[in-house]
Structure formats: structure tokens, C-alpha cells
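Both of the next two complexes hold chain A, though its partner changes from chain B to chain C.
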Partner chain A sequence: MKTEQYDAIVVGAGHNGLATGCYLAKSGLKVLIVERNDYIGGAAVSRELYSGWTYSNCSYVCSLLRPEVVRDLDLARHGLQVIPYESGATFMSNGDHFAYYSDHDALRREIARHSKKDVDAYDRYSKFVTKQCRFIKPLLLRTPPDPVRFRPRDIQELLYLGKRFHDLGARDMADTLRFYTMSVGEFLDEFFESEVIKAHLAGSGIIGTGLGVYSPGTAYVLLHHYMGEVDGSIGAWGFTRGGMGGVSKALGKAFEASGGTIKAGSALDRFLIKNGKVEGVVLENGDTYTANTVVSNMDVRRTFLNHVEDGELPGDFVKAVKRFKIRGSSGKINIALDGAPTFNNIPGTANFLRGDLHASESLDELERAYDAWKEGRWSEDPYFDMLIPTHVDPTMTPPGKHMMTLFIQYAPYELANGESWDGPNRDAFADTVIDKIARYSPDFKDLILHKEVRTPWDIEREVGLTEGNIFQGELTFDQLLFNRPVPGYADYRSPIRGLYLCGSSAHPGGGVMAAPGANAAREVLSDLGRKGFGRAA
Partner chain B sequence: MTQYDAIVIGAGHNGLAAAATLAGAGKKVVVLEKNGDPGGMAANSTVAPGYECPAMAHLLSNLDGAEIASLGLERHGFAYAATDLPTISLSSDGKHIVSDAKGVRYADGGALAGEAEFLTLRARLIRFADQLAALKRKPPPSLSGIDWREAASLGKLALGLRRMGKEDMREFLRVLLSNSYDTILDEIDDGPLAGAFALDSVLGGHVGPRSPGTVLTLMYRLANGGAKHQPRGGMGAVMRAFEKSAKSAGAEIRYGAAVERMVLSGDRVTGVVLADGTEISGARVLSSLDPKTTMVLAGVGNFDAEMIRRARHIRTKGCTAKVNLALSAAPVFTGLSDDLHRGRILHAPSLAVMEKAFNLAKYGELPTSPILEVTIPSLADPGLVDGDGHVLSAVVQYVPYSLKQGWADDSRNALGDVVVDCLDQFAPGLKAAVTARQVLSPADIEAQTGAPGGHWHHGEMIADQMLMLRPAPGIERYALPVEGLYLCGASTHPGGDVTGIPGCNAAKAALQVKLGRAAA
Partner chain C sequence: MTGHRPNLKDGLPVRRGLVETPFDRHLRPFSLAEDWMPWAGFVSARRFETVEAEYFAIRNQATLFDISPMHKYAITGRDALAVVNRLVTRNAAKLGDNRVGYTVWCDEDGSVIDDGTLFRFSETEFQLCCQEPQYSWLHDIAWGFDVTIEDQSDTIAGLALQGPTSFAVLKEAGFDGVENLKPFGIMDVASGLKISRTGFTGDLGYELWVEASKADELWDRLWPAGQNYGLRPIGGEALDMARIEAGFIAARVDFQPIHDAQRPSRGRTPFELGLDWLVDFEKGHFNGRRALLEAQRRGPRTLLVGLEIEGHKPARDAFVYHGKKKEAGHVTSALWSPTCKRNLALAELRAPYGVSVKDDLWVEIYHPKEGKWEKVMAQAKIAERPFFKNKRRSATPPGLF
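Here is the complex of A and B:
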């Protein structure tokens, strides 16, 4: 049993914990990060589970990562490289497809093939979404105000929000209010007539959520997936070279370069708390580390319900944490392929095969997939987001081979009748998805060398994301901004003095964004009377 | 030709309330109604000779004392047959649940687990609803610059919220846009009690309990504490009181007078033309129809593309039908006392079942297990029936307007059968006692009232179509962009149900505006 002392301890080396660690270490603090797994990265990780193949085991595409953080922490120098990918497509059961080209003229021609009317609608749509992105982006790296406390900083922040909103002008204000409260399905219905175009765009509104395309609030989720950028190109997505673990790896290097210490394979048992103040952490192996500042990268449920002793927290707070919605709704399959699969009627040279591929062709189909989830079943006709990153980044497999990443919406955490995910259900789930793909790609099944199937249970067990929720908590209004994660505690602090949250459970939420991590660091440093540095903290 | 100060289209209760308010202010008013009776969605119908039944709306909850007084409804014959109806939530295991102002219990008097949690939740949402109610008698807060006369209502809201204390205020801001499913199930187990409470959050809408925003709708329904009352003489009698109120204030009402189009001079409305060609001129037109229909009547060419687009996008998927029965004898629900038969009897066994029922409606299918709000109004109000039979009034939730197979007679019959069979399970013998049956699909409701989709609120009541977004941005303050033209029906703020408030608000808005010299 060891005991060591630090200025600050971060529990969890997810990308947010690493980002917090970096900011704290860079400001001169002696920082320790403890991580339960033998590897760092949490849900932003690359692992070799089949010899020669690197998988992006959880998250697989990058866009949300705040450029301010990339610059502040000099992540490019530490090896981060994001390669934008071009376009994507939705396959249709009639043998046709809709290709979502990034080239504007090509996209217009393609849209016209499905609906002449939708050509101009698309321009209006994309202008609208871009405007909403511009509105929201500056809020990502700010701490939300507490609207009921009226401290000077709350008032200042409320005024800032009010002014930004007011500056939109009456018309855009109304549009914005509607946008934040409506469903992605209805939002798209207002612009487009082609079902396949709507279905293609709607995916972003449901990924990771326990909501359907017609559930109010999903238009915001769409925005949550659009507000990122690659190389300054808003809404663009890219692959991290070497898989999504590349983000965490760069953060890890930056952290160690600033003098920080990472202990992997070191699971937290409990926080040391005395008189309402945190004093350190005790690991499962009995090692104890002390610090007056402890930041948890774990989700809010795990942090307070599993690792803080009963009686340390006010009852109301515990109740609020318990009702925090963190529902699993997604699955993941990573596949090692012997070669590039071909798709019916599509030449292998089509550049959209390098992007995100889907096979859900109407909003009703997506809504039905959600209905299955509500009833505790995985969708028989699931929505998937399928990519073959090795077209763009060949470093992940042996030459000529490929890796496929499949994100599947919807898969419930709790199966009907209390059935287990382990065993036959996991296989049946994978078969459902693979059979669906095989309808569009005749040689796909024969190319499969190995697969990693991750149900919500697996995601919870391996990454520690409660119920397998990819955002560390649903992105509904009752859990956004000043309501995230718990009303009154949106400022990264907790009822325990010195104990902070820096994971995606905190504002502005999930995705490989590093914003919660940067924001939490700023609040910690301000409590310590230290000036933050860089643009973000 | 008579020149009116104001023409009101539609003698639904909102049109009548608008007419009464305008006439009361000394304006010369005519109400034009296509049907032969007043009331629109709140009229009575004769299910069989001698059997009067509320055709669609049957219970009052959101009709405030303030409107009852200002419109003098009691003076004009309005009365309750029964107030504070207990709500009975049927359970297939026979353990029906009763809830009323006093609390909740099993129908046999037994105590119910979760009562305390439920009552706390209900009380909290009622407190929140009271705060929001501060906004209902004013045009919604404007986004384009604050009118200080109205800022008072916003200020009142803000003050009220602060006075609730920090914890309540936080909770208010959290649940405001959430769904009734989570808000309710965070406190109590799913089952008939949860279903009964959630019904008000979805009744009339194309939403399920899991749809975010349903808590706001629920709070709209809880503005008067959520108590339900049965009017004497059926809802149609309430409409007669509204009619008398308008008439006694001096308004003229013409029935069988369907408006076919409006007459404009420049961008000012100057009158209307009826289906039979009669022209009627007036300086203002208040339409109790939805924005889209109203704009069509005014000529879409008179609105800019943006306005038309917004009106077109208003969601009006009706999801509620009505089944009215004439019965040879009073039905006997197993396990309910005589008194409870006079209550509001629900089939809303759980939120899970309700959400599943909504699934079917989304894809244009008929319900297999209908969600119901039933009353047997003739028990407390025998005058509705000549002789000793009874009438039963059933609001049926999750019946799609766009039924896949269309709304022909066989679909109507199938719906009627599903409803009667469901009730017969709980009240054996009910089916055999049915002597006449009236089934109103959302399509029928649209045909009778002109409401698009047959929608209860003339437009979905969910956050993105409420307050300053109701009925659509830019027309949230009753006036349309044609001079002298106003909306006054359920599609406007604060929304549907029998309240009379949209009508009164619209009339006040119209009275505030000085018309150009030529028009006045």
C-alpha cells in the first residue's frame, strides 16, 4: 500500500480527464491521473484485438473536438492528425442510393436525381443549420449560469446568453426557439420531400439518444453532431490517424510532457472525504493518493452513487443524480475485413464509399427502429452508421486489408423479459446488422475475419459508461446547459468541496469534444486562485 | 348593405367569446357559422331520438371563473351538473384506482402505495401551472421588442417563480420541456395511476408520454388544479350560454352561413362572401379557424412566402376520435360504486400501453387497445335522455387522422367495436345495452368543424407550437399581416380546450388597434 501526495488527481483517463489533466499540469500543478483500464482513452480509444488490425473500439469519427483545445495543448505536435473524409451515402432497397457528396455541385445534381424541389431546400437547410451552429458554438467553452442564484457571474452569463439570443433578431429568435424544441423529423419535413434524403440527414438527430426521429428535442441532437469542424470546415467529420485513440494518445503525451503522471490499471475504489471536503482517493488495490482537488471523469451516476459513501451527500442531490437519464441506446461492431467489400450497383471507385454509409431510407423506418428500443428489443431493421476508415487511413490494417466500424442505433440496455445480452442475444444482434448489410454487399460476409461486438452492456463494462450511454447522459433539455448534469451543479462542482466533474455528463455533453474537460479545468484553477491559460481555460 | 365593425367567422365558443367581447365594447358584430348550431367542437349531438350527448368535448376544466364572470355565462344559463369529478383509472385486474382532490386510493377504498409521492408531484406541477397561468390572458411575450404594458405579465411570472423558492424554480426549469413519462415515473411506478395522470399531457395531441414537451402540455391542463367538471345539459348547453352572452351584448349570429372567401381592398380586409354569394362588409374580420384555412379564405396571394411557409408547417395531425353511445340501461362497471360511475372513467392502464398505442397511430393504424376518457353524463344529468336510457361519451385517444385504409364506414365501425368491446370487459353487459352508436373520426371532426386534421387544439400543443410560437412565429399576437384580420380560435395562444380565452384575447387585441381612417 502506497500513499503519495498530489496537487490534483483526475479519476479516469477518458479524453476529457486527459484534457483536464493537461490544463492543470500546464498551469504548474502536480497532477495524477488514475485509470481503471490498462489503456487510456475511455471511449476514445484504439485497440488491436485481432492481430494486425487496429479498431476504433468506441468512437470512430472526429469533428467535435474543440480547435481551441487542440491549439492550447499543441496536440498536433503530440501527434494528432485528423483527416477529413468526403461524403457518404444511403443505400436503398430498390438498388438505388443517395450519395451525400461534399462537393456542392455534385450534391445538387444528386439531390435533383431524387427531388428537384429539394435542391434549393438543401441550400436553405444548410444555411439554417450553419447559423444555429454559429449561435451555439461560443457556448461550448463557457460555464453555464445558475439561473436561480443571481450571483454576479450568473447574472453576467445570463445577460450574455440573453444578448446573443436577442442579437439574432425577432425572426431568427423564433426559428431558434422552435429549432431547439422540435423533432429532427419535423424539422426535415419542413425542408425536404425526398424520404431518402430526410433519412440520410436524420441519423445525426438520433445517434446515441433514447429518442426517435419524431421526438421533440432531436433537432438539437442533430446540431450537436453538426457543430464540430475539421480544418475550419463547419459540420465536417474526419478520421483520426490511427483511430480515435489518436486523440487520447496525443492528449496523454501532452499531459506527460507537462509533467503529469498517469497510472493505468488503477481503479478508484472511493473518494476520501472528510467534513464535506475531498482529501484524495483510495484505489481498489488499496493505494491511497491525497490531494485537495479531485476531478472525476466518470459519469455523474458512477461518480456519486458508486464511489462516495452514503451520508456524504445531501439527499436531494442523490435523488437528482439517480434520476439523471443515462439510457443506453447504441451498439457497436468493429470488423476486420480481408478486403474491400463491394456494394450492389456501385463502382468501387465511388468516393462516397470512403464516407459514412447507411441503409435506412425513410423517417418511418427510423421511427420504427426506435419503437423497438422502447419495448426492450434491438431494432430488427436498425439504423447504422458504417465506415471503412482504412480507405483513408491505411495504417490501421495490413496492406490491402480493411477495417469496418459500425455504429448501431437502437440497442436497449435492458432487454425485454430481463434477458441477458451476453451469449445468444449478442450474436443475434450482430447477425441482424450483418444480414442487413449483406443485402447491399454480396461479398461482405465472406470478407469477415474477426469482429468485436459491443452491446450496451459491453460498453458499460469496458468503458464504464453507465448503461452504455455514449454521451454520459441523454442530451435532452432537462439535461442540458444549466440542467446538466444536475440543476444547481452545472458549474463542474459538487456538494463535496474540492470534488469536480469533468466528463461528458457535464456541460456541453458527450462526443469527443474535450469541452467539459477544458471547462472543468478552468473552474478548478479559478477556485485555486490560478489563472488559466490558452483560449479555452 | 349593413356595415359591421367586426365579422367573426365561426360560432365555436371562441368565436362567440370574441363576439361578446367586441359587442360589449360597443362594436357592431356579426358571427357567421356554417353549421346550424353554435359550439363547433363543443356542441351537442343527438345520438338517437331522445338521447342528447356532448358531440365531442364533454368535460370542463380550463374554463375559468374569470371568463364565466366576464361573459356572464351563468346569467345565460350555464351551470354544472357535477363538479370535481373523481377520476377512475380502470385496471384489468379489477384494482381500479380513484383520484380526486383529496388524494388517491383503490376503488374499494384500499390505500395505494406511492400516494404520497404522487400527491407531491401533482401539487408541484399545479404550483408550476399556476405560475404559467400568469401568461394566458395576454398575448404571448413578444420576441420583437417588449411592450411594457405586457411586460407586467412576464414580470409577474418571474416574480412568482422566484417566490416559489430556489428548489422549485430549479425543478421548474428542469421539467419545463421534459416528457411526462420520465417526470411521472421518476416518482411512481408505471400503472393505472401514472396513466391517468399522464393522459392530460397527451389528450388531443399527436404525442406519446415519452415525447419531450408533454410536461408543458400537462401544466396547461393543470392551470385550475386539474379538476374536471360536467356541465348541465351537455357541452352544447354551455355553447348556448356563450351564444346568449354574445347576443345579449348585441352581436348578431347567422347560422348556415359558411364563409367562402374574404374581400380585400389593398392590404386591408373589408368583408366576406358567403357560400351562397351573399357579401357582408366589415372593418375587421376575426377568424376562429386555423391560420392556413384563414389565409386561404383571405387569398394566399396576400401573404408573403415566409408567412405561407410558416402556416403550412403548423402541425395539425388530429389523433383523437369520439364514440357516443345510447344505452338502454346504465352500465355497471365491476368494482365501482354508483357514485364513481358519475366520474371520469379512464382506460389508460400504463404509460407503456399509451406509448404503444401512439406507435400504431404514427403509422396510420387503428388502436387495438384504445386509450379512453369516458363519462356517462346522463347519470348526473338525467335531462339529457327522454326516458330511462343513458348516454355514454367516450373520447378516444390515438386514432390517426390519416388512417392507412381511409375513413370509410367500415373503419368507423371497427373503431366503434374496439371501444365498445374494451368497455364491455369492464362493464359486462354494456355492449348488449347499446341501442345507437355514433363514431366521429378525426376526419369527421374536420368535416364538421373545419379544424385541420380534426385536431382538438386546431394545431399541436407542444413546446415548439406554444406561447410566442403559437400558432406560428410572426402571427403570435392574433393579428395577421392583412390589416383588420385576426385569428381568434384554439390555434392561437394560449391554445385549445373550452376556455374562451383565445377569443377574448383576440377581441382585445383587435380593439386596441386603431384602423385606418377609410376603414373606420
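Here is the complex of A and C:
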């Protein structure tokens, strides 16, 4: 057992914890990051589980990572490289497909193949969504105001928010309010008539969410997936060279270059709290580290319900944390492939095969997939987001071989009848997905060399995300802005003095964004009366 | 000195109009964009698909850029070294055999005529590779020496194979020995085919120089080998992005070649281009030496510098100011660098700016915003070049990606 003293301790080396650590260390603080796993990255990791094949085990594509953070922390110099991918597609059971070209004119022609009317509708849709992105983007790296406290900074932020909202113009203000609360299904129905086009676009509205395409609040989830960018191209997504672990690796290097210390394989037992003030952390192995500032990268539930004793927290806070929605809804499969799979009626050179691929062709089908979730089953006809990053990234497999990453929805955390996910159910879940892909790719099954199947249970156990919820809490309007994670505590602080949240449970939510991490660091530095640095401080 | 005229040995009969390079028939099918441009009388691709995808292929995979239109001159004969050393500002005697050196050459006033790469195969065998035509200038320089100058621009074709998997592609194609080739080295790999470890991207990369008649053979060997390494053809636009990141200057963009300038004031010395290291006063007489000695004593009138600019709007064609008020120069090349994640530029500053006054620099950037021009005054800092640095560029043996 040892005891060491630091200026600040971050619990969890997820990308947000690392980002917070970087900013704090850069300001001159002596910072320690403790991480339960033997590797850093949380849900942004690249691991070789089959010799020669590297997987992006959890998160798999990059867009939301704030460019301000990348620049502040000089992540490019520390090896981060994000390569945008082109296009995407939805395969259809009649042998046709819908290709979502990134080239605007090519896309218009493709849409016309499915519906002439939807061609211009797409432009209208796209303009609306981009407008919403412009509205929300500047809010990502700001601490939300508390509308009931009326401190000068709350009033200032409310005015800022009000002004931006007002700048949308009268018509869009009304539409914006509707948009934030409506379902992605209704939203798309207002624009499009083609089922496959709606289904292709709707995926972004349900990913990571325990809601269906017709559940209110899912339209915002779609926006959440659009508001990122790659080099200024709004809504673009890219592959991180070497897998998503590349993000964490670069952050880790930046952190260590600023003098920070990472201790992996160091699981937290509890926060040290005295008289409502945090004093450090105690690890499971008994080691104690003291600091007056402790920042938790864990989700809000885990942080306060598992590692803080009940008596230390106000009752209404505990109640609010307990009702915070953080429901498991998805699974993940990573597959090592012996070659590039071919898809029915599509030439291997088609550029959209380098993008995100799907096989859900109507909103009805997606809604039925959600029915299974409600009943405690995985969807028998699941939605998936399927990518083969090795069409672009030469570093993850031997030449000519490929790696496929699959995000699958829906997979509930609790199976009906209290059944276990471990064992036959995990295999059966994987078979459901693989059989569905094989309907569109005749050679797919024969190419499988190895697979990593991750149920909500696996994600919770390995990454520490409650219920395996990828966003550390759902992105519905009741859990956004000043309500994230709970009302009164959207400023990264907690009822315990010196204890902060920096994970995706905090504003602006999930995705490999590093915004909560950067924002939390700014609040910590402000409490310490330290001048930060650069723009984000 | 023998006093007789250099032997003239011309190439093929002159073809008329804009012509195809020897690789054209292989490249053309890849052109989905149909976006071509003229380059030294040849048809050259500006892009094949999207500039973005081609740019990222340079920094992530492997790319082929057809450099056949480059001007290539063979300088051979007993006095080849003497002629070359009279031409260029650096000392070609210090360049080893089978080595390549970047160089510039000047007129009598010390103004740069062009820059390019000098290939030294031996003391009697050189090749000069450059952007601007130099045939008659080379003859002027060679007057009185025992050399032959041959314009090989039409007879030698070239492919730049650049990117992190470029070595893997060569290996797959069976070019043995390439693993030992160091940066700026040249090797003969087959009859009529040379590979040099050079390029314009600042990344791992090679240039393949082949007799035009053997271009098909080379293509057929290279292209299939690249299939599992992400090999794709690229156009000049993507390459230009990589060359700015690499900090390389381009003739007529970052400096005005003096033979192409009406106004003598547009001439720039190597010092003014930040190329002091290329000038060797100890090697004996060379063209422009006296003027350059004087220029060195006087100090640069202007200086080409690298800038890192705040924000993300590329500072193309922007003016540079000191203290936001006093005009200090202008940007010559600029881009948002997707790899460095920095807003970069090359700029020509007027002394003392960039020379003794290096702070408080601002760039006035104009950019269109939905039908309205907006103006930003963005702070700029002088930054070291190359902007993009990666160990894989010089690792020997090189990595596979």
C-alpha cells in the first residue's frame, strides 16, 4: 500500500478523462489518471484479439471529436490521423440498394432512382439539419447555464443561448422546438416518401438509444450524429488510422508529454470524502492517492452510486441520478475476414462500400426491431451499422485481408425471463446478425476467421459503461443541456466539493467528442483560480 | 577547356498540340471527374475522383502521380561535373554517385531561374529535373565545355509513387534492393528503369524513371502490386496540398522564375527563398556567385517564411500585416492541413518583416459566406518548415505502412 499526493486525479482513462488530464497537466498541475483496465482508452480502443488483426473494439468511427481540442492538445503531432470515408449504402431485399454518395450530384441521381420527389426533399432536409448543426455547434464547448440560479454567468449564457435561438428566425424557431422533441420517423416522414431513403437516414436517430424510430426525442439523436465534421466538412465521418485507439493513444502521449502520470490496471474502490469535500481516491488494491481535485470519467450512475457512500450525497441528487436514463440497447461484433466480402449486384470497386453499410429498408422494419427490445429480446431482424475500415486503413490487417466492424441494434441489457447473455444467447445473437449479412453477401460467412461479440453485458463489464449504454446516458431532450446529467449539476460539479464529472454523462453527451472532458477541465481550472491556456480555457 | 560547341542531341520528332504522356492510356480510365489541365504541353490530371480522397491516400496509402511532363535534361560528358557546378549554387562535387540533390540555379544577378532535383549518376553523368524549360539556358552555361545536353522530357516517363505503403508496393512488385535505398538515393532496377527515393510530398515515397517505350511494362508491374495497399492515381491538386505541408516551394507560385519575369524587381535570391543552405561560395565560380556574395552582405530584401495562422480559413492570396496596419507581405500558398490540423501558409515578407521583426504578424483573410464576403484579421506566427514531419519518410529499411 502506498500513498502519493497529486494536484488532481482523473478516474478513468477514457478519451474524456484523458482530455481533462491533458488540459490540467498543460496548465502546470501534477495530474494522475487511474484506469481500471490494463490499457487506456475506455471505449476508444484498438486491440489485437486475433493475431495480425486490429479491431476498433467499441467506438469505430470519428466525427464528433472537437477540432478545437485536437488543436489545443496538438493531437496530430502526437499521431492522430482521421481519414474521412466516402458514402455509404443500404442493401435491399429485392436485390437493389440505396447508395448514399458523398458527391451531391451523384446522390441526387441515386435518390431519383428511388423517388423523383425525394431529390429536392433531400436538399431541404439537408439544409434544415445543417442549420441545426450550426445552431448547436458553438454550445458544445460551453458550460450550460443553470436557468434557475441566475448567477451572472448563468444569465450571460442564457442570453447567449437566447440570441442564437432568436437568430434562427421566426419559422425555424418553431421548427427547432418541434425538432428537439419529435421522433426521427415523423421528422423524416415530413420530407421523404421513399421507405429505403427514410430507413437509411433514420439509423442515426436510434444508434445508442433505447428508443424506436417513432419515439419522441429521436430526431435530436440524428442531429447528434450529424454535428461532427472532418476538416470542416459538416456531418462527415472518418476512420482513425490504426483504429479508434488512435484517439486515446494520441491523448495519452499528449498527457505524458505534459508531465502527467497514467496508472493502468488500477481500479477505483472509492472516493475519499471528508466533510463534503473530496480528498483523493482509494484503489481496490488499497493504494491511496490524495488530491483536492478529483475528476470522474465514469458515468454519473457509477460515479455516485457505486463509489460514493450514500450518506455523503443529498437525497434529491441521489434520486435524480437513479432516474437518469442509461439503458443498454446495442451490441457490437468485430470480425476478422480472410478477404473482401462481395455484395450482391454491387461491383467491388463501388466507393460506397468503403462507407457505412446497412440492411434495414423501412421505418416499419426498424420499429419492429425496437419491439423486440421492449420485450427483452434482441431484434430478429436487427439494424446494423457495418463498416470495413480496412478498405481505407492499411494498418489494421495483413494486406488483402479485412476487418469488419458491426454496431447492432437492438440488444437489451436485461433479457426476458432473467436469461443470461453469456453462453448460447451471445452466440445466437451473433448468428442472427451474421445470417442477415449473408443474405446480401454470399461469400461473407466463408471469410470469417475470428469474431469478437460484445453484448451489453460485455460492454458494461469491460468498459464500465452502465448497461453498456454507449453515450453514458441517453441523449433525449430531458437529459440534455442544463438537465445533463441532472438538473442543477450541468456545470461538471457535484454536491461533493472538488469532485467533478468529465465523461459523456455530462454536457454535451456521448460520442468520441472530448467536449465534456475539455469543458470539465475548464471548470476545474476556474475553481482553482488558474489561468488555463488557449481557446478552451 | 576544349573550346568547341556542346554536342546537340535532340529527342524524338516534336509532337504538336497538347499530347498524352506514356501513362495516359492507363490513367484515363480512372478519371471519373474528367478534370484535366495542361502541364508543359502534356495532358495532366487535376484530380481523378475527389481531391480529398486523393490527398488522404498520399498520407495513408500509396499514390501514383504522373510526372512525365517534368523537364528532364541529361548532362553527360567529360566536363559534366564542371558544367553542373557552374550552373547550380550548391556543390555537385560533394554529391555522391547515385545520389539526388535539391538545388536552385541563378542568373548573373543572383535571381533564381528555377529549382529542381539534380541526379548524379557519376562525375560524367547528371540529370536535371525541373519545372521550367532550361534547354537553351543549359547550352549557354555549357558553352566551351565538353558535354552533351539531351532533352529527355519526351523520352523518359516518370511516376511518383508516394505514401506510407509505397515501399510495400515496390516490394510486392518484386523490386529487390529497394529496402536499402536511402532518402535521395538512386538505383538501377532494370534496363531503362531507375528508382529514386525522392518526392514532393514530404512522406515516404519514390520516383520511378523509365524509358518512355517501357512505360507500359512498368505500369503492368506496379499497378497490380498496389491493389492490396490502397494504391490510387492522384491529380495535381492533392499533390499541391501535400507539398505545402512538406514546406516545398513551387515555381511561379512561391517565387517568380526570373526568366519568366518582365520586372527585374521580381527576382529572388536563394537567401530570400530561405535556401541559404543551397549556396556554396567555396566551390569556385558559378553563375550568379558575385551577385550572391553582394546579396549576402546586403541581407535579404524579402523572405519566404512558413506561417501558422489561427482559425481554419485558408489564407489564400491574403495580405500579411504587421500590427494589423502596416503591410508586410503576402501569402503565396495556403491550406488548412488535414494531417497537421493547422492552418498553414507560405508567405513572402518584405524586410525587416520576417528577418528582424517576427512578431505581431496578421493575415487578412477574405472568404465568401453564402453570397457575402467576410473578412477576418487572423494572427499568424512564423513556423518551422516542413510543417509535416513523419519518421517513416526517412526510415531505412522503410516500414510497410
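Please note the rule applied: the second predicted complex is superposed on the first by the 537 of 537 C-alpha atoms of A that agree within 3 Å, B and C clash if a C-alpha of one lies under 4 Å from a C-alpha of the other, contacts with A are read in each partner's own complex, and residues count from 1 in each chain.
Rule of thumb we're sticking to: a contact is a pair of C-beta atoms (placed from the backbone, for glycine too) under 8 Å apart; a residue touches a chain by one contact, two chains touch by 3 or more.
All values reported here derive from a predicted model rather than from experimental measurement.
The partner of chain A that touches more of its residues, comparing chain B with chain C, is B.
After overlaying the two complexes on the shared chain, residue contacts for A:G400 are found with chain C alone; chain B is out of touch.
Applying the stated contact rule after C-alpha superposition, one finds that A:G217 touches chain B and leaves chain C untouched.
In the superposition on chain A, contact is made by A:R71 with chain C only, not with chain B. On the side of chain A, the complex with chain C involves touching residues 67, 70-71, 75-77, 80-81, 83-84, 86, 102-103, 230-233, 241, 351, 392-395, 399-400. Per the touch definition, chain A reaches chain B in the complex via residues 147-149, 170-171, 173-175, 177-178, 181-182, 186, 190, 211, 214-217, 316, 323, 325, 364, 367-368, 371, 374-375, 476-478, 482-483, 487-488.
Partner chain A is touched in their complex by these residues of chain B: 142-145, 162, 166-167, 169-171, 173-178, 182, 186, 207, 210-213, 309, 313, 315, 355-356, 359, 362-363, 462-464, 468-469, 473-474. For chain C in complex with chain A, the residues that touch the partner chain are 49-50, 52-53, 56, 59-61, 164-165, 168, 172, 227-230, 312, 336, 338-342, 401.
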